[in-house]
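The block underneath contains the structure these notes are about, expressed in structure tokens.
By written order: A, B and C. Residues from 1 in each chain.
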């Protein structure tokens, strides 16, 4: 078996073992942490498709996440759609939006693409704020509590639900990485003009990546909404939901399957340490952490591994 | 409300908006860095002006250059030590870096100043100018005139002084500039510091009109973006045009859709512009 | 021999500059056509007009009877028109094999990645790159990268191939090898348009030569005829070359 296949197998085994251990042994607090890890792993993988593989610095992850959260929220609260239907529907809506957005902005490069994608979340947030009849506007939206047991039951259920999102995201990324789309995105990232010259329809490939990104992020948002049972626009369209996944993917290694997952784990572990010890100013310290990461680990954790291997 | 009043409302902020965006445009055009720190620098300048007014009664419109100067040196150092290391790196690296710096500064201000909005209160209030039925608030008038004056001053600086022309040269051709003896890293740092100066000054002017709080920093950043794309990147005349354009858009947008949506309208316009005419209304490359 | 590519009154303006003016040109199956002309004559613009990089401001381009001047570059590529660039455009961090496999996958009719890689290996063998298939493209020498560029084009199974200054920067031995490869390619039935500065190469390789000068086609014919054409001598070849080949130059 190739090295990549071994890595994949190890990842799956580790994931399965970890999941079993957590379900059996962990308390609710740890389960909640693990659920957050699953959520951000999914978001980091979602970003990675566009930002890592295709090299387009997307800041639209928050837009897709929020859209998924609100779609699921509205469907469940207003129309009483059960979650097994609401969640996929929300993901589909976010995916459709991503496809449309792709048509509008994927011809932009570099900074212009980044800004346009950044601004989309703001626009969606304001529109959500305005549409009070449907979304509850600035006062937020309450979601029905799912009947999955008491506090412990809830904790386990959402841990599995987010874990499933992360697993789906991983599967989609793995499928992309091995197939035509992955090849296409790598070509685009390394030389977009050359990619066109060899007959690749770059618009379609980029749009596919953005759509998948929207699908995953939207689905994750939907699960999140049910998890927290109350959402408001500033909460789910927060720019940090776009930035943190990028940092995680950068940390763990962009353009790979395992990178975003490892990055999410490492970043959240770091954040947890910060949070535990420095309650008040932790967001500011997060800013410093980000600065340090960019300055000293531009290649992410891989650089550390390489240095360790080379110099010991 | 008459259309003339709406028009005046829109124009009344144009110069101020130009000042808000000028520093941002300069840094983007010369260093190719989108400075996500810009909004926070504006807010910091506003706080400095607020405290100066509390302590010594200085008008924020007069204090503007001082607020700018206060930010000049720290910004120079930040560019030299931190940002210089990511010059030339991909867009993502510089964006995330300035994002991190912004997060730090925003939260530092929140911690220090708390989130409640402060307002510079003029006693007696500045009042309005009555131009035959159309009202022009004097605070906005002063801010816009001062803002415009600052932008024009910087424009003159870029064209006439040695260091100003170094900045333009470095933007046009970094290697040629270096060959001609221009010290490129120092010029970059000066440009960034100048951008911070403009931000601080703009913040000071703002504090005379609007309530300030660290939570408003992304609002001003957003306006700066829109103005730059509207007016075309890398030219100060473009920034002035963009500033007035945004003022008018917001004013008419408020008329049509209410005040909360004014910036959203601007953002939608931004996306539309990026889709169809990324070079903006005046559309020029290279900083002039 | 059928007409493969036809330029009909093609013009291309860039702001105030008319890079191409009223080009009428046909490329037929099985031909090797050399395109020569001084710098700025419009040679690369001609290729760009045919491959969808620039849309002609006037006139039409037809490939195999079908109008292509409005199509995107990737669409034209999939129709069977390939090109190389003066400044080579590889995928630097992908291996030589992957570079060519990509071309086979997106234009060459391969239906899966593994089929694409098989096709790529064949093409690499034809181009003499099979030993280096695992190297990253950026690690090749200039000659190697030019070969890779050619291999990518061939993996697309084109019927028409534009070679833009494929010999620039090569030493004489490398150039001879390149020439042999070009001839072998033509022998496979692919029409070739060879844009070149180097007279030796063009004269040896082409069935027909076309001369561009300031965006206009000033001559179109067999190599021997071109060399004697007064307009060409004036514009491009210079009197010394003409003298060396026993032609009287106009004073």
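As a working rule, a contact is a pair of C-beta atoms (placed from the backbone, for glycine too) under 8 Å apart; a residue touches a chain by one contact, two chains touch by 3 or more.
Just so it is clear, the model here is predicted, and its values are computed rather than measured.
K.L.:
Spelling it out: a chain qualifies if it touches chain B and also touches chain C; which chains qualify?
P.N.:
Touches both chain B and chain C: A.
K.L.:
Chain with the smallest distance from its CA centroid to the overall CA centroid?
P.N.:
Answer by centroid distance: A.
K.L.:
Mind checking the centre-to-centre distance between chain B and chain C? Centres are C-alpha means, answer in whole Å.
P.N.:
Spacing between the chain centres: roughly 50 Å.
K.L.:
Report the inter-chain centroid distance for chain A and chain C in whole angstrom, where each centroid is the mean of the CA atoms.
P.N.:
For chain A versus chain C, the centre distance works out to 45 Å.
K.L.:
Counting only Cα atoms for the centres, state how far chain A is from chain B in Å.
P.N.:
The mean C-alpha positions of chain A and chain B differ by 32 Å.
K.L.:
Could you list the positions in chain A whose residues touch two or more of the other chains?
P.N.:
none
K.L.:
Would you mind writing out the residues of chain A in touch with chain C in their complex?
P.N.:
Contact set of chain A toward chain C: 178-180, 183-184, 186-187, 190-191, 193-202.
K.L.:
Considering the complex alone, what residue numbers of chain C touch chain A?
P.N.:
51, 72-75, 77-78, 82-83, 85, 89-94, 98, 101-103, 105-107, 113, 152, 156
K.L.:
Which bits of chain B are touching chain A when the two form their complex?
P.N.:
28, 32, 34, 82, 85-86, 89-93, 95-97, 99-108, 111, 218, 222, 225, 229, 260-261, 263-264, 267-268, 270-271, 274-275, 278
K.L.:
Of all residues in chain A, which touch chain B in the complex?
P.N.:
51, 57, 104-105, 107-108, 110-112, 114-116, 119-120, 122-123, 126-127, 129-130, 239, 243, 246-247, 250, 280-281, 283-291, 293-295, 298
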